[in-house]
Every structure is written in structure tokens, then in C-alpha cells.
Amino acid sequence: MLCSEFSALELSWKSMPSFDKEYFSLGHLDLLSYQNTFIHRLDPRTKIAVTFVFVLTVVSFPKYEVSGLIPFFLYPVLIFSLGDIPVRFILKKVLIVSPFAICIGIFNPFLDTITLYTLSGIHISGGWVSFFSILIKFVLTVSAALLLIATTSFPGVCYGLQRLRVPEIFVSQLLFLYRYLFVLMEETMRIVRAQAVRSFDKKGLEIRTYINLIGVLFIRTMERSERIYRAMLSRGFSGRIETFRLHSIAQADVLVLLFSLVLCYCFRRYDIIGMLDHVMKGLL
Amino acid sequence: MSHHLVELKDVYFRYPDGTETLKGISLRIVHGEAVGIVGANGAGKSTMLMHMNGYLMPSQGTVIIGDLELNKTSRKEIRKKVGLVFQNPDDQLFMPTVFDDVAFGPLNLGLSQNKVQERVASALETVGCLDLSTKPPHHLSIGQKSAVAIAAVIAMQPDILVMDEPASSLDPKSRRHLINMLKDFKHTKIIASHDLDLILDVCTRCMVLGNGRIMADGLTEDVLSNKDLLEENSLELPLSLQKM
Amino acid sequence: MHMSDALLSPAIGATFWTGSLAAIAYSAGKLKEQIDEKLIPLMGVLAAFIFAAQMINFIIPGTGSSGHLGGGMMLAIMLGPYAGFIAIASVLIVQSLFFADGGILALGCNIWNIGIYPCFIAYPFIYKIVAGDTNSPKRIFLASVMSVIAGLQLGAVSVVVQTVLSGRSELSLYTFLFFMLPIHLGIGLVEGVVTAGVVNYVRTMRPEVLASAHESKPLSSDRSIKKVLLTFFLITVFIVGVLSWFASKNPDGLEWSLEQMYGKSELSEQDSRVSRALNRFQEKTAIFPDYRVKKGNEKIPGNRDTATDATWPQAESDTTVSGLAGAFMVLCLIFALGFGIKKLKRRKNA
């Protein structure tokens, strides 16, 4: 049932204005995170730890490394398949992500022109190799972040952080942000729609209008926070946000953690491709 | 049964900017009563309700809940007795999942984890939302949100349930569900609403508030069938009475 | 201006994570001491507000292109430095998870670059002093624009330094700064104007909001415009100092200093370990005696200097082709595995 909802959403995106698109894409990712698969059931702490180990290992490869990074695609592929995450949706998000890494990386081929490889007569410069390495790292690390949220849910991540002794105020801040993100985006979307109806397809608002709009939104947000505070008080709030957690580290968590650590270590330390290549040659 | 009593004695309230919204309110509500409060926008309904759990303090006069007089020290105790359900469920449900939200109150009461779980389950069961427990509020319909908001309050097991416009944004089916639910509650109920039919269905007693004063107080059928009284206070006959 | 995982080295990423976590812990501690309970929901919804506001575009006057709000300085002004910092950090975490803006390792750098400078430098040393306790819209305007620009410039320098120190990009410090600083001056100007506008709007509508942020912070009162100028001067000295430190070293010098900082170059060490392990592996699987892995210390044909050799794994033109084939094979295997799991799951569900 969920799947059909997803595809219906995806289809209708094309005709939507950009704000709505952002909003629904965010909602979609959020919805994915409430599935019930083996990966989703793991303790959030396990997934946070594995993600960090993975990202650290990937970026620890030196500048000109390409082939050593390839085996690491195993991680996203496993999560995609075991966690029932639609591949195209995440890939699209990876592509539209803020392209800072690519903007900076693209200079490498122009600055580092010394030939590094000669591939059947074509010279490949170090700059292209290092740029390619940045690209692979970019895809791997960005999808790791998206997959963490898609398989853990934001509150899950927060409770994981809480158990990892991140300060309470910060955890409750994250929880509030998550809770009201969707509420405020909906409110903003209504304003933007009303504006779009009257502004005949302009790319944005005049700065004066923008300031007033944001000002109004700000005041409304303040008033909302007063109402929330009132609701909190009436339910016994006295400065601390207590939360109740059922998560606990299970056997599966320990196994997954060990498995990932060993794999990351092996992939980092041994040249898998070289070995495989070697085995292949031997077989032929 | 005096501990379920709500009593206001000549209560006045002025906002810091000087506007006076309550001008001498006196009322007494006893155990098990269901009281509707109606009146035009700005008549002082919400201000009055906020006095009942000590969010606002009277500028003059006294508020008594059970055997406690409202002051800064008794406020906490009073909030345990009076469950206040606000108008907009989005402001009411501030935790990231339904379970966490309903558990917020019981956890603040200092109950054990098992007790909290029990309370949450039974409160969600009462409003028919047990299966929503792991969902985040933004994945719920408005009807579900308002039901969960009520569950969050009854999980604290208050003696008195105070509601401000509980049905304002509900579709007809959810509204009917809410009305049936409210009828089943044994709590003392105080409900402020523009939905006069809801008041007629749920409440036995009704007050009309106008300009910070109580304009009428009596049996719901009598008050809500008094066309002249209602029109003087920017109200009209409930739809179900208009046909007759 | 979000730093990205792909440009970072682990050491730089970890360093700034440590710094940012320390700042979060410190701010959380400060807030716990002196918090007004009301601030807890307010911080949360204002962070959500910044998020929503970032999604509306406005037209940048005179250019025809459109921009959107960053909002860091606005949060600092409305909430004070500690709560403001916590709120910005939370926004960045959501961005890095839901939008993968930057990534998880770079999050430490991003919290540092976008949170620390506005909240703990621009706000106390520029905004508070220039705006003072007066309610003059002109002073608030000036204070907002100055502090936003200063915060963004420091952030930009920070991004550049982190990138160059990580050594994944070929851009030199000067070229990169030459790109980043003017761009962020422009962004800062626009953002400053917007921030000033919103602050002034809120001040006229709800003056008590700003008052409470000001009261709770015992940072100011006896500071003067002179001190702002001094701060500006110090910031300049800092930037110039960083620049000249780098200028005194050539790119090899940079690698050298990195090695000094983090012990022996992790990369060459890693390499030798890899090759040692491979040799052992090779001995065990002696069926393929002709196979050899090129080590980093063997000179590659071409005129690369020794500094880059250290970061260079096996490479020779003929092994490259088969390497490509191997890589392709591995990718195919991995994707086949994923596809297989999906198929299996589907059959199970059906």
C-alpha cells in the first residue's frame, strides 16, 4: 500500500512548484523511515556508528584512489535492498544536493595536468583521477547520510544521540525542530502559494515583500511557541523533557556492527580489486 | 465530592496592556457536570479556561479547584487535576511520535516506565488510536490528531476535562466520533465552543459569556433555545433546534 | 558554502567535530544554568522557521538572480548566542540528514563555520556593541549588516582552510580565497539587509522578544565602538596571519606540516601495510607467482615528485586496464547482490 503511495507522489512531482516539491520530497524520505525491515529495526546507535565508520573509512583514502573505493558500494547496495529503500528516489536526491564538492573538485583537472595513467594511448592526468575520486566519495558519503535517515527515522537518530550522551537540551531541540518542521513548512507553503497566484511566475519575491513575509511568519511562529509552552505546562512540564525508550542493543546489532567494522577494515587495508583481478587472471 | 469542584469567585482579568477580558465572573461547577460555554469571539471564553489550570492568574478574585485555591504554589497540583485540551492539535502534540506525546504527561508525573506504558495504551485505546502509537503527528489526519491530543490529556487521569473548541477543524464524521467519545467520559467536563449542536449533545448545563461577564447560566436546552438571548450575544439557534 | 565530506580528510573532519561538539556541550551547559523554560519550545520552532524561510526565494536587487536566507545571525540575535548556536546546529543536522547538505563528517566543520562565528564572534563583538541598547533602527541595520558579513567572511576563510588542509582539492589557498571572499561579501550584504529588516520588523511588533535575548547575556554593556574596530582589526590580523603562514610554505610544505601534525603520513603507512599484507596473501596463494603489486616507493614513470608519490598507490599503465576490468566486475557483483536480495524479498512478501 505504501509503495503505491510513493509512486503516485513521484509521478506528480514534475508538475509541482519548487517549494511544494521540496516539501513532499522531505515528507517522502520521512515516510520511508517508518518502514519495518531488518535494517529499520536495528538500534539507532548501531546505524549511527556504522555510518560514521563507513564515511570515515571512505574519506580516509588518499587523493588519487579510485579502485579501492569501488568495493564500498556494497554498503549502500545492501541498505537499499535490505531496507526496501527506492533507489531512484535517493539517487535523485544525491544528484540535486548542493554541489559544493563538485564545484571545487572540477578545478583539479585544470590544475593538475601531469599524466598519471596511459590507457591505450590516452593520457589521463592526475587531476581527472583525483576529481573522479572526489565524485565517488561524494556519492558514497551523501547516500550514506540519506540512507541513515531513511532507515532510522529522525526521532530514532535523536534517541540514539541521547543514549550516546549528547546533552539533553540539544536532543530536545532536535525533536522540536523535527516536529515543527512539517507544520511550519505547510504554513509557509500556503503563504508561498498565495503569493505565487499573484506574482505571475517571478523567480522570487521583492526583497521588501520578502522581509515582511518572513517577519509575519516569525511573529506567528513566536505565538505558536507560546501556545506550545502552554500545552507543555498543562501536562506537567517543569524544565526537562522526559522521554521513554524501548530500544536496546540486540544480538543483531552487535553482529551488524562487527560485520561492518571487519568489512570496512578489509576494504581499506587490502586491495580487493587487485586480488580479484589476480584471481581472474589465474582462472583464465 | 468536593475535590472535583471548580469555583470562580468574582474573577477579573486584565492583560498587561490594560484590556479587561474578565469582569467579575462567578461560577460553581460540581462533580460530574458537563458544562458548555458559549459566546461571541472575544467574549473571554479562552481567558476564563486558562484560569482553570493556572496558566493565567486572576488580577482580582479567587479560583478554587477541588480543595485548593489557585496561587503560584498550588498551580502544579492543580494542573494534575485539570486536563486542558487546546484548540489547535498541532500546538498540543509537540513530541515527535504519538507514543512520546501521550507519555509526556505521565512521565512528568514521575510514574514508573511500566505504569507509563499502561497509561499510554489505555488512553490511546479510549480514543481508538492504539495502532497509531509509533507514528509521528504529521502523518496523522486532523481527526486523529485531535483524538490523540485528548488521549495525551486523559493519560494524566485528570478529574476535570477542560476543552477549548475541540471540534473546530474536524470533518463531520470525526466530529461525531468525538461527540460520542465525550459523552462516554465520566470526568467533569467544561467545553467552550461555537459548535452549539455539540454543546447541546454533550452538555447538560450551559453558560453564555458576553463581554467578560456571564450573561446566562442554566439547563442547556433552555439556554440554547432562547433565540433572543443568543442573538444578543452574536450567536444563533443550534441547527437542530432551527427546524422546529 | 556547506563543506562536503568528499573534500575532507578524516583528521580535519574529526578535529572540527570535536570542536563543534565541545561548543554544543558548552552552550547546552550554559543554557541549563540560566534557561527560561519558555525558550525550549521557542528555540525548536524558530529553527523550524529558519528552515521553512530558507525555502522561499527572493530577488537580489540589481542582479535579477534569486537567493535565500541563511538565518544564522538572525537566530543569534533573536535567541542570544547560546540558544542561537544550539538552534543553528540543529538546523545543520537536519540539513545534513534530510538533504545530505555536506554530509555527516563535514557536519562538524559546518556547525563550526556557520554556527560558531556568528554566535560567538560576530554577535558579542560586533552586533551587541554596534546595536547597543538603543532601539534605533539605523543602528540595528548597521549592526546586522556588519555582523552578518563578518560571520560569513570568517566562515568562508574557514571552509577554504579546511579544504586546503585536507588536500583533496588542487585549489591553492590564494585562488580559493579569491573566489570565496568576494562571493560571500555579496551574500553577506544581501543577507545582512534581510536580517536587519526582519529584526526591525519584529522589534516594532514584539519588542519584548529582543529585550529578553539581550538581558540574558551578561556579555556587553561596557563595550564601545572602538572595541568593535579592535575586533575587526584582530580578525583581519588573524586572516592575514593564516595567509602568511601558508604563503611561507610551498605545497610540499603543506604536506610536510600535515605529517608533523598527525604523526607520520597515514597514507604512506597505510600503503606499506597494504602491500605487506598483499605479499603475505600472495605467498599463500602461490598459484599466481607472476603477480606483483607495485608499491608506493617504486618510482612511477613520469616526473612526479616524491611528495605525491607518498600518496600514490600502485599504478602502472598495463595494470590499469585490468584494474578497470576488476573494478567493473566488483561493481557488477555488488549490484547483482542487491538485485538478488530485492527479488528474494519480493518473493517472500508475495
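In order of appearance the chains are A, B and C, and numbering begins at 1 in each one.
Just so we're on the same page, a residue touches a chain if its C-beta (ideal position, glycine included) is under 8 Å from a C-beta of that chain, and two chains touch if they have at least 3 such contacts.
All values derive from a computational prediction rather than experimental measurement.
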Interface with the most contact pairs, given as the two chains involved: A-C
Centrality ranking, top chain (CA atoms only): A
Remotest chain, subunit C as reference, centres from CA atoms: B
CA centroid of subunit A to CA centroid of subunit B, Å: 42
Whole-Å gap separating subunit B and subunit C, where each centre is the average of the chain's CA atoms: 48
Mean-CA-position distance for subunit C and subunit A (Å): 16
Multi-partner residues of subunit B (at least 2 other chains): 94
Multi-partner residues of subunit A (each touching 2 or more other chains): 30, 154, 175-176, 178-180, 183, 224, 228, 232, 237-238, 241
For subunit C, residues that touch 2 or more chains besides their own: 41
Residues of subunit C defined as touching subunit A within the complex: 1-10, 13-14, 24-25, 28-29, 31-32, 35, 37-38, 40-49, 51-53, 55-61, 64-67, 69, 78, 86-87, 89-91, 93-94, 96-105, 163, 167-172, 176, 190, 193-194, 197-198, 201-202, 205-206, 209, 266-267, 270, 273-274, 277-278, 281, 287-288, 291, 293, 300, 302-304, 308, 311-315, 317, 320-327, 329-331, 334-335, 337-342, 345
Touching residues on subunit B, where the partner in the complex is subunit A: 50, 53, 55, 76, 79-80, 82-84, 86, 88, 90-97, 99-100, 103-105, 107-109, 113, 116-117, 134-139, 152-153, 156
Interface residues, subunit A side, partner subunit B - complex: 27, 30-31, 34, 153-155, 158, 175-176, 178-180, 182-183, 224, 227-228, 230-238, 241-244
